[in-house]
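Next come two complexes built around subunit A: one with subunit B, the other with subunit C.
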Partner chain A sequence: MRNNRYIVIVGCGRLGSHLANHLSRAGNLVVVIDRDEPTFNDLSPDFSGFRVHGDATQMAVLREAKVKNADVLIATTHEDNVNLMVAQVARGIFSVPHVLARVFDPKREEVYAQLGIDTICPTSVAAEMFLRAVADGAAEREGTPS
Partner chain B sequence: MKVLIVGGGKTLYFLCRNFAARGYQVVIINRNPEECVQLARQLSATVVCGDGSDAGILKEAGAMGADAVLAITPNDQDNLVICQLASLKFGVPRTVALANDPDNAEVFEKLGVSGFSTTRIVGSLIEQRASLEQITNLLPVGEGRVNVTEIVLDDDSPVVGKFLRDIDLPENALVAVVIRDNRPIVPRGANDLLAGDRVVLITLPENHGPVLKAFTGERI
Partner chain C sequence: MRNNRYIVIVGCGRLGSHLANHLSRAGNLVVVIDRDEPTFNDLSPDFSGFRVHGDATQMAVLREAKVKNADVLIATTHEDNVNLMVAQVARGIFSVPHVLARVFDPKREEVYAQLGIDTICPTSVAAEMFLRAVADGAAEREGTPS
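Let's turn to the complex of A and B:
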C-alpha cells in the first residue's frame, strides 16, 4: 500500500478518528471533516493532517477539503444517508478513484452495491463474526474441531 | 394517482391538502409520532410513522405501487436516499427531492435524482417580481439557463433615442426583437430604440440584472 496518498475522512467519531490517526501516522496526507468541532479532540497529538469543520453534505465544504484531489475518501459518520450521499458525490462529481462508505443498515447496503458504491456494513460484519464464534463454541463443546 | 410524500411541516401539510383536493391518493411518511397524529387528524391521507429512508417503511407505505415519491425533509442526504431507494428498490417512476442547499439541486441531478431548490425558486421569483411592471413577460428556457424577457421602454429609459451599436451591453446578452407599433423588427446596430418599443432580450441568469438595468435605468 502506498503511504503518500491524499485521504479525506468524513466524520471524526471513534472510527473516523482512529482511521485518521492511523493513516496519518503511516505517512498519508489526511483531511478530516466533521460538523462538530469538539470531535477533533479525538485526533492524536501526532496527527499531522488537516481539519475541516462543516457539513459534508454541502458542496462548499467538500470543495474546501479539496475532495477533487483526493485518492481515497472514507465516509464514516453515524448517519447512513450522509455517508451514502457523500460517497456518491465524491465518486460521481469529484471523480475520487477510491470511495468507501460505512452503512449500518444491511438493506440499504444492498441497494447501493447496485450503484457501484463500496460499502462496509458493521452490522453484517459483526453478525457474521458472532455467528462464527457461536458455531465454533458449539463445535468445541461437542469435541469436533471446526 | 398515488403520491408518497416524506417530510413534515407546513409545506407538507398544504401540499397534501392540495393533492387530496385533486383526488390523488396521498401517503405521508413522517418520523415524529406527535406530528403523525396531527396530520392523520387534519388530512384525508394515510400516515406512516417512521424513517422514510428505511426500505421497510417505504414498503409499508406502499412504495411498490406509487406513481411518485416526493422527499421534502430538511436533510438533503435523506431526501437523496429516499428517492434512490424508491426508484431502485421499488421502481417508482417519478421521484423528486428537495435540495435545502441550493448547490445540491445540481448534485441530485448528476446522481440521477430530479431535485429542486425552494431557495432558488423563491429567489428568482422575487427578482422577477421586484424588477418592474415594465417587464411584461419572462420565460426561462434551457432549464433556466437562459432568460427571454420582454420589456417596454418608457421615456426615462437610458437607451431611448440611441442606436443599438451605441448601447453598452454586458457580455452574453442580445436584443432579439424590437416590436414597434405591433411590427416586429429584428434589429441591427444601425437601428435605434424609441419610447414605447417592446424589446425582447435574451440574457443569462448571471447578467440578467445588469442587462435590465442598462435598459431601464437604475430603478431595479
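Let's turn to the complex of A and C:
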C-alpha cells in the first residue's frame, strides 16, 4: 500500500488525533480540522501534517484544508450530523474517492451506505466485543471451550 | 454457555441499553443501573430485567441492585472514573466473578488489568478498524489484494 496519500481528518479528539498521528507517521500527508484549537495538543510532536482551525461544516474551511485534493477523508467528530454533512460534501462536491465516518447511531448506517460512505460505529463494535467477552468468560468458568 | 446468569449493567446509554436488551433476550436476569431515569426508555419493550435508578458509585445503589449475587458486572458509563470505581468495588467488595468495563482512555487499561477487570476501549477498536478500512481502500484502488 502506498503511504503518500493526502488524508483529511475532521475532528481531533481521541480518535481523530490517534488516526492523525498514526497515518502521519506512516508517511501520508495528513490535514486535521477541528473547531476547538486546544485539541491539536493531542497531536504527537512528530506529527508532520497540517492543522486547520475551523468548523468543517463550512465550505471555506474545507477549501482551506484542500479537500478537493484528498485521497481519503475521515469524519471523526462526536456529532453524527456533522460527520454525515461533511462526509456528504466530501463525496458529492469534492469527489473525494474514499470517505469514512464514525457514526454513533447504528440506525444511520444505511443512509451513509447509500451515499457511498464507509462507516464504523464504535458502539456496535464495543457491544459485540463485550458480548463475546461475557460469553467467553462463561465458557471459561464452566470449563468448556469458548 | 448457560444463559440464566445474573448480570448487572451500569449505565443505560447506547452501549448499556444495547447490551441489556441483548443479554435479557438471551435469557439472563439483567439489572440496569442509571442515575438518569429517561435513559431507561432505550430498553426494548421485551426487556424483562430490572431498572435501578441511582448513582452506582454509591454502595446503597449497588446493594439495591444486589451486586453481591451477580455473576457478571459491566460498567458502561461515559466516565472512566465512574467505571473504574464501580468495577473495583464489584471485584473487591462484592467479589463479582467477572467484571468488565468500558474505558475511553487507553492509558488506563493497565490499571484495570492489574485489578482483574476486563476492559474494552471503543476508541482503540474504532481506530484499528478505520486504519484497516483506509488500508483496504488503498489496496482496492491499486488492484492489489488487501
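Methods note: the second predicted complex is superposed on the first by the 146 of 146 C-alpha atoms of A that agree within 3 Å, B and C clash if a C-alpha of one lies under 4 Å from a C-alpha of the other, contacts with A are read in each partner's own complex, and residues count from 1 in each chain.
Basically, a contact is a pair of C-beta atoms (placed from the backbone, for glycine too) under 8 Å apart; a residue touches a chain by one contact, two chains touch by 3 or more.
All figures in this text were calculated on a predicted structure; none of them were measured in a lab.
With both structures placed on the common chain, the touch criterion links A:M59 to subunit B but leaves subunit C unconnected.
In the overlay built on the shared chain, the residue A:D80 is in contact with subunit B alone; subunit C does not reach it. After overlaying the two complexes on the shared chain, residue contacts for A:V111 are found with subunit B alone; subunit C is out of touch. One of subunit B and subunit C touches more residues of subunit A, and that partner is C. With both structures placed on the common chain, the touch criterion links A:I7 to subunit C but leaves subunit B unconnected. Of the two partner chains placed around the shared chain by superposition, neither subunit B nor subunit C is touched by A:L29.
In the superposition on chain A, A:V89 makes contact with subunit B only, not with subunit C.
In the superposition on chain A, the residues of subunit A contacted by subunit B and by subunit C overlap at 105. Put simply, subunit B touches subunit A in their complex at residues 53-56, 75-78, 80-81, 84-85, 88-89, 101, 103-104, 107, 110-111. Residues 57-60, 79-82, 84-86, 88-89, 92-93, 105, 107-108, 111, 114-115 of subunit A are the ones that touch subunit B when the two sit in their complex.
Touching subunit A in their complex are the following residues of subunit C: 1-2, 5, 7, 14-15, 18-19, 22-23, 71-72, 74, 76, 97-98, 100, 102, 104-105, 118, 120, 122-127, 129-131, 133-135, 137-139, 141-142, 144.
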